[in-house]
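What follows is a pair of complexes built around chain A, which joins chain B in one and chain C in the other.
Showing the complex of A and B:
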């Protein structure tokens, strides 16, 4: 039972990380209709930039994540402007190929600057808590709390603030939104920037638990895609439910069956769900 | 005979001839021969991608996985089970096609982005199986001493040049199959699906079955490429099945030109040489190649062969307009042959251009 509670908390913490990554990705899909395959690479860069500010520059942990998130926001805006914007009228295969090019580019840059070796980011938050006999590291508690706070802020931003509402408007109807005076190009940049910012927070939070390497984004990339496909592309509730469900499934199978099964479970679930519902669990009505 | 007047066919034959003659230039250098032969194996897999992506317009990201299945089938059967190469190759290719067909049954229920990501998941499941199922695939230690094909005392396939010609001969068959598909009603069916799935459905094309067969065909080519690759290299590891492998194939086809007959070969050869050229920078090569991929998609999405094809069509059209003007009074029946072929060329080109504008 202790092991179960422990793994449940680990699963929820992992779910928080997936959630921050998945929401950005699903927002980008909703607005730009692009599955941004470079998302995992942005996550990796976010982790490295946080690492750089924390260890090399020596600013406090929270500030390091904040600065990294802002830098990645700008990078996201540039990615949209330089890569996705010119391709907005191209067939859908072209964006994905361009995103793959961006992904390789980011990985090579990270490797050129920080090398291919694994790096460890020292945990600034130490200690652990005891909940129901289980020992939960403070870092995981921080992840869960931050994820909830960020999600709440994001929901407020999208539902209540004028800039956030433009995102939803464009998602619903691009032409209609443009007719009432919303600039789709600006919203696209904002959305990709926002997704990079969210994924950097996720990376900064999880980096002390995992090791850093230029390819650290690859497996996250695939899993987050599995999550948003599972939830239905462009659906926020789908991304949130999918993140926690898959993360808990992953930690549980890794504990009780084997780590290889834990790694594969996301994709097995994905195949099973798509076999029954080809548009995911929470898919909105198909827009064309 | 008429075919020889078509610049596309002439160009394809010229490229094939150049590749066929490479052993004369590099025959003594085993390393270069091996790089080229491995490139040809990838080319075969890229031809598979050409059918599903280039003709049918569905981005399948499982190709690396199918390549891996073909490679591991040959690798494991010839070592652990001591089969001959040919038996293992046959089983590998049939097996890969079957796995492709079966996964297509589920994968093709999804569309567009869902299909791309779903096939990426299939590719990743294949990779995970290969890299983690230690009891069967030896996981990260890989498979050593994969057998060369045996041909009695006739040919010794441990000779790099002999192996090159074997792979080249199989590649020729694949190029011919692609050419035949492109010309036949099957090819036009697939192109219609690429242009508009709804339109194809409306005019009575069995969209589901056509996509299903195209997907199985792509797995078939992937299996052939992988099986040959295992034998050429002699050692395979889980690298052979990574999703990165798929992305590599994608770059090859993009540089060469999607939906063309010569594109995969041209693209693979050029990029393989670029890779070799950047060998010293290994990990950093994508600092240059990444932006090149992006620039190609933005500025030259039709690839090298696509552009040459467009150029040829433009000239043919100009010549036709010119000859129609000149021949209008004197010899109206003389130019029907070339004119007819030019017209079919133009209509094929129209299909491509409408797709580009979507």
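Showing the complex of A and C:
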């Protein structure tokens, strides 16, 4: 029972990380109508930039994540403007090839600056808390709390602020959005920027638990794609539910079966969803 | 004053509009009559910046706008309620209306116009919290007109607002359009219902196969034998 509670908390913390990563990807899909295959590479860069500010520059942990998130926001805006925007009327395959190109480019940049070896980001938050019968590391508590706060802010932004509402307006009706004066080019930049910002927060939070490497984004990429396909492409609630479902399934499988099987859960989910219900569990929210 | 000079527009190799010249005077209600496929929607999309002219010029209040993007044209004061409405179906009626204020985002003006829209279409106040997509066709048309009004336009373009509506609702919608025009907003309206629309209009054009075939004051068009034969079944 102790083990189960412990792993449940770990699963929820991992779910929070997936959530921050998956939401941006699903928003980008909703607005640009493309799967951003470079998303995992943005996550990796986010982790390295956080690492740089924390260890090389020496700013406090939270500030390092904040600065990295802002830098990645700008990078996301540039990625949209320089790579996706020029291809907006091109066939979808061009987008995907460009995104993969961007991914390799980002990985090479990271390797050139920080090398190919694994790096460890020292846990700045130590200690642990006893909750129920489990002992939860403070880092995981921070992850869960941050994920909840960021999700609440994001929901407020998208649902309540007029600039955030432009994202959903474009998703729901592009022509309608243009006719009320919304500039689709601006919203596309905002959305990719926001997705890079969110995935950086995820990376900064989880980096002290995992190791950093230029290819660390690859497995995350697969998982977030499994999540947003599971949740229904473009669906926010789908991405949130999908994140926690996959994370908990992964953690439990790793605990009770084996960690290799845990890693494979995302693939199994991906294949199963594509075979049984390709539109995702929240498909209704995507249609119309 | 909106004036289109000799514009040609097309989607692929061939043109759909061939040298069309039309003007809409400030504060007037101008109607474009034309059968299905005559080019009314193409014309309006071009004015709103959703399509580009191949030749000719479009001027609004003395400024050339045929190279201006759709989102910037709304800021110049030309709002469009498009064919098919293009509402944000999953958002509430109120959100749809408030997004209409995006070009100015002036708090005071927003509340004023919202009030006017609710006066015009009281049902929208009642349905404020409902998703726009869940409303009846007539009510959705009201949301679409209301959303266009929220941008505080000097010219409102309405593309066949009565399309697919029950006759009773058509009368109601046309009456509100006449009211909007009486409130001082210029209206450019496309219709297949010639009698009802000409009776509230100042001027009218008849479009056929992408060309203007008739242009006159609305009352003269109502008496025109060609119009009567083609549209009034007389």
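Before moving on, here are some points about what is shown:
As a working rule, the second predicted complex is superposed on the first by the 283 of 288 C-alpha atoms of A that agree within 3 Å, B and C clash if a C-alpha of one lies under 4 Å from a C-alpha of the other, contacts with A are read in each partner's own complex, and residues count from 1 in each chain.
Please note the rule applied: a contact is a pair of C-beta atoms (placed from the backbone, for glycine too) under 8 Å apart; a residue touches a chain by one contact, two chains touch by 3 or more.
Please read these numbers as outputs of a predicted model, since none were measured by experiment.
In the superposition on chain A, A:249 contacts neither chain B nor chain C. Once chain A of one complex is fitted onto chain A of the other, the partner contacts of A:97 are limited to chain B, with no touch recorded for chain C.
Between chain B and chain C, the partner in contact with more residues of chain A is B. Using the contact criterion defined above for the overlaid structures, shared-chain residue A:182 touches chain C, although it does not reach chain B. Applying the stated contact rule after C-alpha superposition, one finds that A:78 touches neither chain B nor chain C. Once chain A of one complex is fitted onto chain A of the other, the partner contacts of A:141 are absent, as it touches neither chain B nor chain C.
Look at A:111: by the touch rule set out above, it reaches chain B but stays clear of chain C.
Contacts of A:86 after superposition: chain B is touched, whereas chain C is not reached.
Residues of chain B touching chain A in their complex: 53, 57, 59, 106, 109-114, 116-118, 120-122, 124-125, 128-129, 132-133, 243, 247, 250-251, 254, 283-287, 289-294, 297-298, 301, 355-358. Only residues 29, 33, 35, 82-83, 86-87, 89-94, 96-98, 100-109, 111-112, 116, 218, 222, 225-226, 229, 233, 260, 263-264, 267-268, 270-271, 274-275, 278-280 of chain A touch chain B when the two sit together in their complex.
Within the complex, the chain A residues that touch chain C are 162, 165-166, 168-169, 172-173, 175-184, 285, 288. Chain C contributes residues 48-50, 69-72, 74-75, 79-80, 82, 85-91, 95, 98-100, 102-103, 105, 133, 147-148, 150-151 to its touches with chain A in the complex.
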